[in-house]
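Both of the next two complexes hold chain A, though its partner changes from chain B to chain C.
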Partner chain A sequence: MTWINAADNADEKRKGFSFSMLRKKLKPAYYHVWAIAAFTVFVYPLVWLTAASLKQNWEIYREPLSLTSSAPTLDAYVELFRTTPFLLYTLNSLLYAAAGAMVSIGFGIVTAYGFSRHKFPQRKTLMIAILAAQLMPGLIAAIPTYLLMREIGLLDSRFGLILLYGALSIPFAVWVLKGHFDTIPTELDDSARMDGASKLRTLLQIHCPLLLPGISSLFLILFVQKWSEFALVSVLLRDPDKYPLSVGTYLLLGADESDFRLMAAASLVNIIPILTLFVFLQRYLVAGLTKGAVK
Partner chain B sequence: MKSCSAVRGFISSFVNGPWPWLIPALGVLLLFRGYPLGNQFWLAMTDMKIASGDASFVGFENFSFLFSDPNYLTALGFTILFTSFSVFGSFVLGFGLALMLNRRMTGRVIYRMGILTTWAISSLIVGYIWRLMLNESSAGVLNGLLEPFGIGPVPWLSDPNMAQVSVIVADIWRSTGFTMIFMLGGLQTLPSEVLEAAKMDGAKGWQTLLYIVMPLLKPLIAVALIFSTIATFNVYELVLALSSGGPGNATSTVGFEMYRTAFGDSMNAGLGLIGRGAAMGVSMFLVTLMFALIYIRAGVFARDLD
Partner chain C sequence: MSDLKITGLTKSFDKLEVIPPLDLYVPDGSFTVLVGPSGCGKSTLLRMIAGLEEPSSGQLELNGKDITQAEPSEREIAMVFQSYALYPHMSVERNIEFGLKLARVDVAERKRRISEAARMLQLEQLLERKPAALSGGQRQRVAIGRAIVRDPKVFLFDEPLSNLDAALRAKMRVELAELHARLGTTMIYVTHDQTEAMTLADQIVIMNKGKIEQMGSPIEAYDRPATRFVAEFLGAPRMNVSEQAKAKSSGAFALGLRPEDISIVERQSENTWQGRVRFLERLGAETIIYTDTDGFGDLVVRAKSDVQISPNELVHILPDLSKAHRFGADGKRIEH
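Take a look at the complex of A and B:
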């Protein structure tokens, strides 16, 4: 029983009238109407977009509402991957998202270990400073970050971008992973030390396997974040061969609005991998995200 | 001999202490986060251009320019309007949906999943999806849906006021699912005894909500509002994709204006006024910092510090 049912019985006692009985009977249906309406608002645009990408362009203009086509075709996708470097963009996105997430996690594990296994006077201050850094979106410092990358010669560099992506998510990784470290009993560390294992070896061979579920969900969240990133990468890379999907899509869709079907297909290529991950791994994503957000 | 062992003791306590674990990440953070955020204050007081590296100090000239610049002031005004409506709208909708989908009802997992889907899509692509849906030619699906009701065609993106509404609606569409999941998590932690007791006392649904559920969830509500305020205030990609700040500059935001000023309209070619852009960046930083400090003061996360 949830709180929202709480009114029902009380109502009935007071009025003793069949109207409230009727309302009670109707209520489940009533909630489903709202739920279906909300579901439609959030999902219909994606279904419509998919349909548009499979239609003929003239069909889109003649019957924009129709979700079916007289001759469904994958031509838009074929055209997208043949005439534009979208395959290369996709591979670049994959590289930046996966490598960036790995860098954050690598730094995150070591740092979270330090915070979890040591007590020292500056710990609280440092953790709060790291939290403050986590709360600052990358966009705010886009200009000085661009200049920094130019000064240290990492402008237009894949390595530089990955390093920056990794660095920007260290705070989030540290907070999430410290939470996980704190659940591992220190007795494990002690017994490993008795057996002559160094701290580093304890971390790698005992802690890391235990942290694996936490690390996986963190990886997913960071991957989705980096995959979607546009603001920074759009000014940091110049060589078109290095563009990720977000920048490629901006260039394609910003140029002209004539080929509706192609635009729908390009948008979908951006979100299909993420939605696939999302549908199958939603539980992990949400668990990891709310954990990081609440703390 | 004595000082030698003192040095050795210091070194060994250093090596066994926390610092070897922390210094690498702190160094990287200082370089990629700390330095740019600090440097921006200096840049904002120079007349640096993107093409040339040298710059001279101009004091607060950039800031005083901003406060008389109609483009910046319009953008600031719309950003505040956009943030207020979007944060409020997505909270009310998200919390409402969370309350409804916390009930035992058939298919609630499917409903939740469908509503959360949009959260996984980047702002840039959300902007493009809505631009396609709001298209004012015969291909636009929203005008097509309204036509049978005798409404429209609505100038979704070509009328300044409608364009502002469109950008806000698109952002609510993007962020509601997250608020819903976040608040659902909170609702599930509520002790059922308290709710039962309220029911026994004959409290109505809305009374339970207002006097029991909301006070219990106050910290979580604060976190949800602060997070979405920070994300919404610093909007850039959504506006770039959906309306390019137009028509005119009706939907330009501070983030959008900063990019246009520093990097130009189309990526790397354009105005290139680093100093003035940095001043806008400082203004965004200060607003964000204010909300971040409120969050930190609230100390919701404090249990993790011990």
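Take a look at the complex of A and C:
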């Protein structure tokens, strides 16, 4: 009896053993399959763009899906920057996205500080009101915004566009940053006060360094948002010298025939600054996105 | 001289009065402990002394100088917080230095004070580290270091040991007592732990619902509690207080007996009470016996560790009534 039981157990153990071994062995394979599938879906268009930008135009028409070229060349890039003001567009985009994001963050920090650190009547109602303001799509307000900007003389102005970009994202910035502020213990404020720090100094020297992960991820989100904004900027700006990349790329679309090679190069120029930013800020990004969420 | 005089201090939040008018004198060089259950207003009082909370009315005087309206940093008072409140992004050295920098102390003097404090608190090896890389005890010492370098007239401690484990707490308690002996500076310490209060204080202030129930030396408060609240708050296990027949026959509303003033005896006499053992706690050095006693109710007895007794046993209890405490219906002590 004992012997049979022992044998059964051993058999079971052997079966379990082989199963778990199999699962363990297969697991990395599953991961690889998924990773490759995801990589293909997300990265293939990017690779295609890169390949297309290095091809000749007729090659793209002849073999649209191919990723190789008989004679790769950087001609498209040279032509892009030589025949169109793409460098100017890029600089404009950088200016609008970075400055707009900074305006939102600047106002966002101060407002979030107030909401997090001070008690005042209707504080919660106001926070909800701010959220409600964010829920409205910016485009709905395009016409009133246009009229308003014209009234205050900020139509077709870089400064005006930056202000508008900044203002539109303040509510979002306030919500994100308040979450981060709430995770900083108020005892630190007390401690800084005992040390003789003013509120402004506490904000700049104690809070801001601790908010850095939150600020970085917020900056990245806002930057990407402003960088790819098209609708408002195309309504508000008239002077081609002030166009950002989004409008500049659109202008490349010819009326009857489009130069895909040039379009591909332009699209890549659109992506590169954002990718670079990601590389620099990714260290903070995950921490920043998750930290503010949980109190 | 750095004595602190508090006169008629009150604090209300909206319409809720947290601290009714309160007077307190903290003598120069004393170690004054504010103790009481949570929500009794002790931390609020400490924050008002620090200047972090504005009093609704009343006056604070340090060395005869009115500091009621002074900014926290101008009061020559330093505070150690419950969570230590170290700046997480700064090294230990920069944490200690921050206040000195803001006070515009010159670099050489800053370095001197930091190294002196680091030596005193054994922080020399840790100056470059960030707070996250320190243990609880080390963080506590940094927080104390940050207070020391400012050379304050008064130190405030807000439950500084409550985040530490029991062993470390006992160790830090001794360190704090030694620090006080060495510096001789006035210290005001808030805790809800009566052991800390009894061991550290030379003046104990027992608070309840914003009011001071009693102040004086810890032993005095223990031996002659002014109110029933103090009697029950100080001591572990706490004092037995009963409103039953035995209290009435002693001419009081409530009768209090400390567990150590009661013994279990073998023979019945006219002075013994009868009780039934409900439960035993054998602590090694002593045994705590929980009994249910006729005419008194629940009665806890502190006995020797080798006491031969078991649950449900009927025992004879001999209280030392000369050490009994009597309280009136208003909770105040009735003198014999």
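The rule is simple: the second predicted complex is superposed on the first by the 229 of 295 C-alpha atoms of A that agree within 3 Å, B and C clash if a C-alpha of one lies under 4 Å from a C-alpha of the other, contacts with A are read in each partner's own complex, and residues count from 1 in each chain.
By our rule, a residue touches a chain if its C-beta (ideal position, glycine included) is under 8 Å from a C-beta of that chain, and two chains touch if they have at least 3 such contacts.
This one's a predicted model, so the numbers in the text were calculated from it and none came from an experiment.
Chemist: Looking at chain A, which partner touches more of its residues: chain C or chain B?
Modeler: Looking at chain A, the partner in contact with more of its residues is B.
Chemist: When the two structures are overlaid on chain A, which partner does A:E187 contact: first (chain B), second (chain C), both, or neither?
Modeler: second
Chemist: First (chain B), second (chain C), both or neither: which does A:K242 touch?
Modeler: A:K242: touches no partner chain.
Chemist: Is A:K226 touching anything from chain B or chain C once the two structures are fitted on A? First, second, both or neither.
Modeler: neither
Chemist: Of the partners chain B and chain C, which touch A:H207 in the superposed model: first, second, both, neither?
Modeler: A:H207 contacts neither chain B nor chain C.
Chemist: I'd like to know which partner A:K55 touches here: chain B for first, chain C for second, both or neither.
Modeler: The answer is neither, since A:K55 touches no partner chain.
Chemist: Would you tell me the residues on chain A in contact with chain B in one complex that are also in contact with chain C in the other?
Modeler: none
Chemist: If you look only at chain C, which of its residues touch chain A in the complex?
Modeler: Residues 47, 50-52, 71-74, 77-79, 81-83, 85-89, 98-99, 102-103, 146 of chain C touch chain A in their complex.
Chemist: How about chain B: which of its residues touch chain A in the complex?
Modeler: 17-22, 24-26, 28-29, 31-37, 39-40, 43, 97, 99-108, 110-111, 113-118, 120-125, 128-133, 135, 137-141, 144-145, 173, 176-177, 181-182, 185, 187, 190, 192, 195-196, 198-199, 202-205, 208-209, 212-213, 220, 223, 227, 230-231, 234, 236-237, 240-241, 255, 258-259, 262-263, 266-268, 274, 277-278, 281, 284-285, 288-289, 291-293, 295-296, 300-301, 304-305
Chemist: Under the definition above, what is the set of chain A residues touching chain B in their complex?
Modeler: Answer in residue numbers: 1-7, 9-11, 13, 28, 31-32, 34-36, 38-39, 41-43, 45-46, 48-49, 52, 60-62, 64-65, 107-108, 110-111, 113-115, 117-118, 120, 123-124, 126-128, 130-133, 135-137, 139-148, 163-164, 166-168, 170-171, 174-175, 178-179, 182, 224, 227-231, 234-235, 238, 246, 249-250, 253-254, 257, 260, 263-264, 267, 270-271, 274-275, 277-279, 282, 285-286, 290, 293-295.
Chemist: Which chain A residues qualify as touching chain C in the complex?
Modeler: Per the touch definition, chain A meets chain C at residues 185, 187-188, 190-197, 201, 206, 209-210.
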